[in-house]
Structure formats: structure tokens, C-alpha cells
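Structure, as C-alpha cells:
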Amino acid sequence: MTKALRTPRGLITAILLLLLAVLPLLTQALDQRYLLSIGTRIVIWSIAAISLNMILGYGGLVSFGHAAFFGTGGYAVGILAANGITSGWIQWPVAILAGALWATVIGALSLRTRGLYFIMITLAFAQLVYYVGAGLEAYGGDDGLNITRSRFGGMIDLRDKAAFYWLCFILLCATLWFCGRMANSRFGLVLRGAKANDLRMTALGFPVFRYRLAAFVIAGAFGSLSGILLANEGAYISPAMMSWVKSGDLIVIVVLGGMGTLFGPIYGTIAFFVLEETLKPLLDLGHRGWGEYWQIVFGPMLVLIALYARGGLDSLLGRRHG
Amino acid sequence: MDYLLLQLLNGVQLGLLMFLLAAGLTLTFGIMDLVNLAHGSLYMMGAYFAWTLIGWTDSFVAGAVLALPATFLLGLVVEALVMRRLYARDHLDQVLATFGLILFFNELVRALWGPAGKSIAVPAFLTHTVEILPGVPYPAYRFAIIVVGALVAVLLAWLVARTRLGMLIRAGASNRRMIGALGVDIELLFTLVFGLGAAFAGLAGLMAAPLSSVKIGMGDDILIVAFVIIVIGGIGSIKGAFVAAMVVGQIDIVGRAFLPDVLKAFLSASAASAAAPAISQVLVYLVMAGVLVWRPTGLFGQRT
Amino acid sequence: MAEPLLSTDRLIKRFGGLVATDSVSIDVKAGEIHALIGPNGAGKTTLLSQLTGNLRPDAGTIRFAGREVTHVPMHARARLGLARSFQITSVLREFTALDNVALAVQAHSGHSFRFLSDARREPGLREPARRLLAEVGLEGRADTLASALSHGEQRQLELAMALAGDPKLLLLDEPMAGMGPEESHRMVGVLQGFKARRAMLLIEHDMDAVFQLADRITVLVYGRAIASGAPADIRANPDVRQAYLGDEAA
């Protein structure tokens, strides 16, 4: 581990993680409560991005429906809360299970297809979840619903922003740990091999479908976790959290940060959040009021990145070995 | 009974609009192997161009007719600037780039036309009703959509079956590498196909506008239904797109029309009307799932 | 007489109007090297793909190791001991040579639903992988990225991967494709070394290699097996000379 710290990439990552670890202390010292809120969302989105990276970055599966898991996690918690079940000990496992179940269903159907079909189908199924959410009038329908945060019986009060942040951060570390172990495990190698050449892997004797399905389910479970956290962050659920635009944002984040790398999703999330916050004032400098239309610049930026910079931020930080 | 007939016709009308949108998409996917998420943006631009042109010419027909070449040209520009560089790339790059295009177009429209939705009025000469059966009046505008849609479908069928361009399209859809070997100017073919698709999308957008409204992002949600249609019909197949569009159109309309009454037996009135559109969408996706289990490449798609 | 290790019975495969495999009945006995030759487009790779399970035949049956495998999926056939190398090199380019072979070994060593332990440190996978690399002569290149290997070395890697799991039958699609004379010579030596333990069905265009290695040769033309037998008989067969060998074998 100390060897890793000597490389520029290792050092930057370590500093980043350290900053994230002490963020609540920093924001309190600087008296910038708003920053803590952004920080919390960055941590939560990082978990979602890491979960997508498992199937997209390591597995090569272009799933355009990952935001649906924000929904499975968030709505499971929200629906239970609205029906009087506010204990996090019950809600959270149920929500994670819901995500895993949904992933099993979509995975079983979409993984039978390839290429364009796969992308379209994952998108379509995510829309399905969106419409179901928007159609649930009892739970806010299109407008969404305010919910009470999960309760953990005195162990932790999620309304305490710093405490909630640290919980999210710990969960991020746990997710990172799991992903790191998985990448070089037997399972991870099969997944990565299948990304490289799935016909070869099948010819070697691996039933690739089963492994991909398992990866989908795991990614769905972690994705749901991020949905749970998102719902608790704002004490609010709405179909907008599952919109296909969010799925697209997640893909952008994973690619931006560097696909198939461990910390890439975190870099990508930070870059994504920071990009919006910097493009706006930058444009306003050029002409007042232009900042509002920052996506006119962001859109073409994505086009350029897609065409010329696919290695993402991770590759900018230095080459690595296999 | 009359109500059912009206809804069936509405289903046909929606189906034809969706076919217009899906036709260009299935060709782009099938021949160029290109995921184009920005197709919905072309649908939207067609409507916005029409709104502006109708305002300038003070005539629905003139505005609509002029909007078509405008959208076609926009399609050519987008193809030359962006799409051309994406053909050789993998699907992820295409997803990323066309996603960026969606954001760009949505914001561009917001900057140029403002955030508020616009409306296009049904043209005066089509505000009456047509008696499709004795004693059964049907809105003339919707009937006009059916007529135009059917004409385009027939035109496309003729184009694909009887012209050289059509032959190239069919060959390209089934074996992309082959058409290069035939000595065809691939670049030109791709550009034309893309432009044609853009024009159809624009036509769908401007025809749909008087029925709902012209607003930012209007093409994005409907695009996903177009994707479902293509998956059901089979990528690259015009016939498949047509069949699937008609099926989906019926499910959507008939579902929305009759489900609330069915649901009111179990739910409150407002819950029923909120749930009905969701359920008819769910039905569409169930059909898609069912087709995929039976035929992973769609009803008329290429079997690998 | 024992049932052959692999046999097909009147296998037929059509692509639209084209009959790529025309009622082919072929067999491979344990311990033999059986070469499949024929002009380009004769359907040799198509036949091989049906044997491995990559393509479904339209008619006919395939039997392997005493059971019918016509409908058994590809990965399951690999587990039964039927291994394949590809005509167009199909190694995993982003992985090292050792990683490639270790993955091949992994396929035959229990399941891979293990998420937490580092597979790259599993001696049960690394050691056999090193031995296999040595068997094909690549032990010095174990830690090189597959994409950095020369073409000939990649063909050797292909072979090593096919050998993992100790297959009973190797289906080799042009193992010497693109190799120079020296490399080919080395490969022939390696293949001859396998003969006792593994049977082989070999597609090759390199006639020298074929006649050196093969115990039996089958000639495929337009999807049909027009002749099958000992090398000397094939060389002398007038139909074969006319269809394929021409002056070469003279």
C-alpha cells in the first residue's frame, strides 16, 4: 500500500479520500454548510457510480437504466416509511433486496440480447420503473413525496447532517473495498475476460450469462443502497431520481472518471459536480445570464470526450500496469 | 361502440406517428449500427422549426412544408459534424456523444425559443370533423395525420422495395460490410439515410404538435417508446417498425381509454386515472419482454 | 471396435440458400491426429463451429465421449473435454499471457463465484498455467501482455489456453496461420508431442505440416467430405488432386 502512495495517482487519491473523510470538520470550520450537502451527494453518487462501474467498466455492459436503482432503493424506503415502518433495520435490507430482485428480472431478460438491443432494453425497463413511480398517486405520483428519515433507534440520528455524511462515507469505503476485492477475484476476472472477448470465455468453459447476471444483481444491490441514501439525504422521493437523464449522467460519470478502475467513479462524480459549478460562473463571466445555459457547452464537451478522451480522468493521472 | 372505434382510430393515428419516428431510427441502427439518442431532438426541432415558420408565413401548410427540408438539412449537418465520426466507434461512445447532443439541443432550444412551451393551432381548414362512418364524426386533423402517415408508409415501402436506394438500404441492413464491397459510396448513403430519418422525425414532431404542445425535451420520452418499437419490430426492419408501431399505438391508446374504468372498480377515481397511463406503458413493456423471450432479435430482425 | 471419441452423423448447416455443411459424417479416434483440408470457403470453420457448439446444425447429430452433444451449449462441451483454438487469434489482449492461461485453468477448476480472494495469487491456478506455457514454449513471456506478443507467440498462447483443463480432444483452427517456417516447425513438434494424450482435429492449409502430422485426412469441398483416409491415399486420390491439391502433392 505504501508503494501505491508513491505514485502521483496514489497520492492524489489518498489526499482526496482524506479530504472526504474530514469534510464535515472542514465545512464547519469554514462555516459552509452548503458544501457538506454537496459533499454528501457526491459520496452517494459515487456509490452509485461504483456500482455501475462494476457492470459497465469491468463488465463492458452498457446499461442505460441504472438510475432505476435510485428508485428501487428510495421508493422502498419511502413507501415503507409512508406506511409507518420507519425503522432503518427493516427498510434498508428490504430496499436492497428490492434492487437485487429488480436487477435479476431485467438482467435475465436483457442479458439474452447484445449490442444495441441491450442498451435499448435496459433503457426501456428503467422507464418502466419511472412510469410506475410516477403513476403511484398514493406516494406522490409525479410530484414526489416527503418522507421521514430512517430511524435506527438511538444508534444514529440521520437528521444530524455530519453523522449522516459519515455514515455515507463509511458505506462508500465499504463499497470501494468490495469492488476492489471483486475486481481481482475469480469472479471479477471472468467478468473482465468476458468484456474482452465473451466468445473466448464461453469456449473456455465459462457460462458467461450466469456471471453477468450475478454482476447485474450485485450492481443493483449497491445501486439500491445509493438510492436509500439519496432518499434519506433530502427526506424526499420522486420519479425524477429515476429519470433516464440520471442514467445518462451516471454513464458520463463512469466514463469521465475512467472505466474499469477502482477510484475512477469517484473522480468522475467529483468532476461532474464540479463541472456544473464551474461552467456556470465561467459563462456568466462572458456574458451575464449565459451561465444558465451551461449545458450548451457541456453537451458538446461530452461529444468531444466521447470522440477523443475515452480514457477519462484516470488515464490523465498516469498510466498503470495491467 | 362508436367510442371504441374512435379510440381504435386514435391508436392508428398514434401508431403512424410513432412509425414515422421509428422508421428513421431503425434504419440508422440497422445500417449504420449507430445508437442515436438524439433522434428525439430532431423530432423536437421539427416542431420548433414549424412553429417559427408558421409564424413567419402565417400558414400552417407553408410552415409545415418548409420545416421538412429545414429538419432534413439539420440532419445532414449533425451527420457531417458528429455522426460520421461515430460510425466506427463502439456503442458506448455513441451513447455518450448523442447524450451530449440531447443536452445541447434542449438547452439551445431553451436559449433561442425560451423555456415556456409553444403551441401550434390546428389549421383552420382541419378543425371540422370527418364522417368516417355514417353518424361517426372523427376530428379532421387526426384523420389528416392518418392519411399523411399512411402515404409516407406506402412511399417508404415503395422506396425500399422498388428503388436502387431501397435495395442498398435492405442490403445494408442485413450485411453492412457487403455494401461497401459493392462499390457504393457508403458515406453518401449513410448521410442520405440519416437525413431522411431526420426529416421523418421532424414530420412526426410537427404533426404531433397541435395535439399536445411544442416544448423542450418533447422528443426524449417519446424516443424511448420508439426504441421499444424497434426492439419489438427488429432492428433494421421497416416492416417490423410498422407492425410494432401499430401494436404499441393500440395498446397505448386503448389502454388509456379503457383502463381507468376497469381500475375504478378497485381504486379511487384519481388513483385510477393516475395509474392508467402507467399501466398501459407497463403493458407495452410486457409485450416487448414477451417478444424478446420468444425472439431476442425482434419480430423481423436479423437472426444471429 | 470402440466408439470413436468424436463422431458426426450427416451434419447439415444452411445459411439461407447456401449449404455450408452438406451431410458430413466424420469421426476422430482417441489418440489420432485427424486433419481437415479443403479450399477456402469449403466450410471447414463452419463445421468446427458446429462441433464446438458455436453454431447449431440444421440436421444431423454429434457425439462426443460417448454422449450426444448436438444440443449441449458451448461452455458445457468445453467442460466435457472438448477444447478449441481460434483461426483469428482470440486471446484476451489486455491480460498477460499467464493471466490468459490461468483463466483457462480457472474454467476447469470449480466455480468462479468467489468475490473476495485474489485469484491472481491462487497457486492452484498460477502453477498449472506456468506449466502449460512451458509446454508450448512460452514460459519466458509469462508476464508479457498478450497484445505485446508476436503473432506466432499469440498462436502458441491460443494453444496453451486450449490445453488447460486437460481436454480429450483439441479442435485447432489453422494453428499455424501466419507463422514463418521456423515457428511452424516448432509448432509441429509441439503438436506431435501431444499425440498420445490428446486427439486432435486440425484445420490447416500448410500441406507440409498436414502430411507430417496427420494420421488421417478428410477433404472438404463445398461443404461435402469428398474423401477421407490415410495421407498416402489422399495424396493419390484423383478427385482430391483435381479439387484441391493440384500440383502441390506431386
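As written, the chains take the letters A, B and C, and residue 1 is the first residue of each chain.
The working rule: contacts are C-beta pairs under 8 Å (C-beta built on N, C-alpha and C of every residue); 3 or more make two chains touch, one makes a residue touch a chain.
Fair warning: this is a prediction, and the values are worked out from it, not measured in the lab.
Using the mean of all protein Cα atoms as the middle point, what chain has its own Cα mean nearest that point?
Answer by centroid distance: A.
Computing the C-alpha centre of each chain, which chain sits at the greatest distance from chain C?
If we average the C-alpha coordinates per chain, B ends up farthest from chain C.
Measuring centre to centre with CA averages, how many angstrom lie between chain A and chain C?
Taking the mean C-alpha position of each chain, the two centres sit 43 Å apart.
Which integer distance in Å separates the CA centroid of chain B from that of chain C?
So the centroids are 48 Å from each other.
Can you give the whole-Å distance between the Cα centres of chain A and chain B?
Centre separation, chain A to chain B: 31 Å.
Which residues of chain B touch chain A in the complex?
Where chain B meets chain A, its residues are 29, 33, 35, 37, 82, 85-86, 89, 91-97, 99-108, 110-111, 220-221, 224, 227-228, 230-231, 235, 270-271, 274-279, 281-282, 285, 288-289, 292-293, 296-298, 304.
Would you tell me which residues of chain C are touching chain A in their complex?
On the chain C side, the touching residues are 52, 54, 73-76, 78-79, 83-84, 86, 90-96, 99, 103-104, 106-108, 112-120, 122, 145, 161, 164-165.
What residues on chain A touch chain C, complex-wise?
For chain A paired with chain C, touching residues are 178, 181-182, 184-190, 192-193, 196-197, 199-208, 211, 214, 322.
So in the complex, the part of chain A that touches chain B is made up of which residues?
Where chain A meets chain B, its residues are 56, 62, 64, 109, 112-117, 119-121, 123-125, 127-128, 131-132, 134-138, 141, 244-245, 248, 251-252, 255, 293-296, 298-303, 305-307, 310.
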